[in-house]
Each structure stands twice: as C-alpha cells, then as structure tokens.
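The structure's right below; bear with me while I get my questions together.
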Amino acid sequence: MRIRLRLFAIAKERAGRPTIELEVPDHGTISDLKRALSEAVPGLDPVIDRIRFAIGTDYADDDTPIPPNADVAAIPPVSGG
Amino acid sequence: MVELTESPIDYAAVVERVRSPLAGAVCAFLGTVREMTGERRTSSLEYEAYPEMAAGKLAELEAEARSRWPIIEAAIVHRLGKHDLGEISVVVAVSTPHRAAAFESCRWIMDTLKEIVPIWKKEVWADGTEEWVHPGT
Amino acid sequence: MVELTESPIDYAAVVERVRSPLAGAVCAFLGTVREMTGERRTSSLEYEAYPEMAAGKLAELEAEARSRWPIIEAAIVHRLGKHDLGEISVVVAVSTPHRAAAFESCRWIMDTLKEIVPIWKKEVWADGTEEWVHPGT
Amino acid sequence: MRIRLRLFAIAKERAGRPTIELEVPDHGTISDLKRALSEAVPGLDPVIDRIRFAIGTDYADDDTPIPPNADVAAIPPVSGG
C-alpha cells in the first residue's frame, strides 16, 4: 500500500519536501515504513534510528501495523521548549 | 489551557489565567532565546511543530499533571516561527494550594514537554549557518 | 535585587528585571493569598517584618543562591501590610542559562526564605478573629 | 545592664508593645535575656522556647554574650512567603 508520510525538521530538510509517498507491504508495520524512508532518503542515515513515528497524533512502536489511509508522520528527536 | 501561537507570548496574561484565590502558589517558567551556546553565538531561532500532534501532547501533559498534583489552573503556551535573542519561546504556569506542588508540576511539565512534544528548534548561528537541533544525534 | 514594599507587587516588572539574552530559562514564583485553609476561610492577611534584618537576610539569600547556581539575575520582592484574597505577597524570579538551575535556585530561595527571613503573617479569619502564624508552635 | 529588646508578631502582641526594656547581668547572654523576657511577659510561655534572638541583623545562639548597647530583637518562628 501507498503511505503519505509527513516530514519535519531534519527529515523535511533532507528529503527536500514536507511529505513523501512511500510504498509498504499491505498490513505493513512502522518498521517497514522506516526501511522505505531510509531507502528513499539516504541522507537521513545517521539520524534515522532515532526518528520515531506517529500514527494520527500518537507515537507508534516499530511493530505497530499501519492502518490503510492512516495519517503517519516521522518525528525526529524533539527540541521544543 | 494549552496553546500554540506564532505571536510573541504575553507571559503576564498567561500567569493571570492561572492566578486564583484558591491558590497560595504560582510557579511560572519562561524559556527564552539564549545568545551563547558554549563559544557559539546564536542569531535567531526557528521553531517548527507538527501542530495537531503537538497540541494533543500539550493537552495530555496538562491532564497528566492535573492527575498527579492538586492543580488549580495550568497553562502551557509555545510559540512557533522565528524568535530573536531574548524572546520567549515557551511559558508554563501552574497554580496550586501550596508551593511544593507548583514547583514540581511546573518542572515536570517542562521536562516532559522537552521529551515528547513534536516541536523542533533550528539554530540560526551568527556565522550564517543553520542547524536543526535533535538531542542525542 | 531584593526589596520590601508596602505596595502591590508588579510581578511582570520583577520578571523583566531578570530576563536576559544570556539566559535560556526564567523561573518565577508568586505567593498569593489563599482563601481556604482546611475548613477555615481567610478574610485578609497582614504581613509584618523586622525590616532591617529581613532586607539583610533576603540579600544573603540572593548572594548564597548566586554562589550555588549560575544565576544571571535574581530578584526577591516581599510585600508587607494588609493583603486581600488573591493578592501577591512575595515574588522570586531567577534567570539562568539552563532550566534545572532556574527551578532549583528559585525553589531554594523560597524554601529558605520561609525558614529564616524575619517576616510574619497574621491571618484575619472571615469570622473576625485574628491569629499570628508561627509554624511549629 | 539594661537591654531594649525589639518585639514582633506574637511577642509584640502578648507584650502589648513593640519594644521592652529588660535587665540582664553584665556580660549576660541570650539565655539570660530569654529568661528575663519570659518573666516580664508570662503570656509568651508556650512560644518562648521557639523564639530566636537577633543581635544586629544576625541570629544569635543562646550562649552568645550580649554586647552593651546592642540592637537586640526577639524573632518568633517566621511565616513570610
């Protein structure tokens, strides 16, 4: 299935755009999405392991299945405050 | 009350929102743009958020703090966009009957905000370079 | 900066005194007049000081806090005389490069102020009785 | 020697005045002063043991000798803040 992933901060900068379309297996998980992002944006390599992912507005674990049409975002380590 | 805003934060207005005759204590925290980081000089900061999720996480922080401490009122306001030196990026204000809970809850909110709320800071250094800040990387 | 005053405290003015581009954090504490103490209702509070000694002890607190934490600016203002419900009796504001020191030093100043500074509070209860507050007696 | 002691809060209230003149032995200590205050203002009895004393603007221990003409104050447990 096709996932439209929102990107922020370093992820947006390295990808050169605020969203990216990625292909993951049907019933794929966050791990699959992370692999697809890493391949699509090689420049993320050093930081990719510390990027978390959100489905809707909640953090999701690596083994969480991604529902079809889910709103998914890549969350690099945060630095607000 | 939680808020994300592009405008300068009126911290006194935030504090006024939490003051109450039920409270004996108010603790307020202001995050401000510091010029020096070690030997490096900052020119400005740029804050970006995943706004829907950041607003949701801030509301979760307020709710969780209210479940842990006897909070009368709490307010968390984070500014986004460009910040000049000395400007305020975040204000947390909490009122409680007694002072220990005010200090502890205000600090817990700030500490946890910096761990989980999807907001990012970009340093614009005085030498013209720019750098996203991603702790631990 | 330390001050004893008979006038209402403008806490925003106190916070402005400590803000600085050298600081990334400001912690401010406000003590306010709480209406209820258990089941008893307060009508107003009256604060009295031994002024010369209280000013000296407040200055000692500021100096000691500066020796313990990397404080950019600190301000302690205590109001004396009659206070109505919700009014501010004390403001402590501290600015530091990072937030941990701001929270810790602000709290230490408040905790120690309540231990050693010769200022006393008289409760004027809603039932018309009055009572000096002397902790531990 | 004669000591003019400043009184505050409950001490002032019980004594009915803001200062009190007390007689202590020459070279007397804060302990002597406390005893003299207790005798002069019996109404202080429950709180007298928790009253501290200041010489000038510093707290003084029980065994501190009181200098002649010292500025001395009775400091009941404080409750500022």
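Here are a few things to note about the model shown:
By written order: A, B, C and D. Residues from 1 in each chain.
Definition applied: a contact is a pair of C-beta atoms (placed from the backbone, for glycine too) under 8 Å apart; a residue touches a chain by one contact, two chains touch by 3 or more.
Just so it is clear, the structure is predicted and the values come from calculations on it, not from any experiment.
Measuring from the averaged C-alpha position of chain B to that of chain D gives a distance of 48 Å. For the pair chain A and chain B, the distance between mean C-alpha positions equals 26 Å.
Across the assembly, chain A contributes residues 81 that each touch 2 or more other chains. The residues of chain C that reach two or more other chains are 31, 99, 110, listed in rising order.
Taken as a graph of touching chains, this assembly is arranged as a line, each chain contacting the next along an open chain of partners. Contacting chain pairs in the structure are A-B, B-C, C-D.
In the complex of the two chains, the chain A residues touching chain B come out as 6, 8-10, 13, 46-47, 50, 54, 57-59, 73, 75-81.
For chain C in complex with chain B, the residues that touch the partner chain are 11-12, 15, 19-36, 85-86, 95, 97, 99, 102-103, 106-107, 110. Within the complex, the chain B residues that touch chain A are 31, 47-50, 52-54, 56-57, 78, 89-90, 110, 113-122, 132-137.
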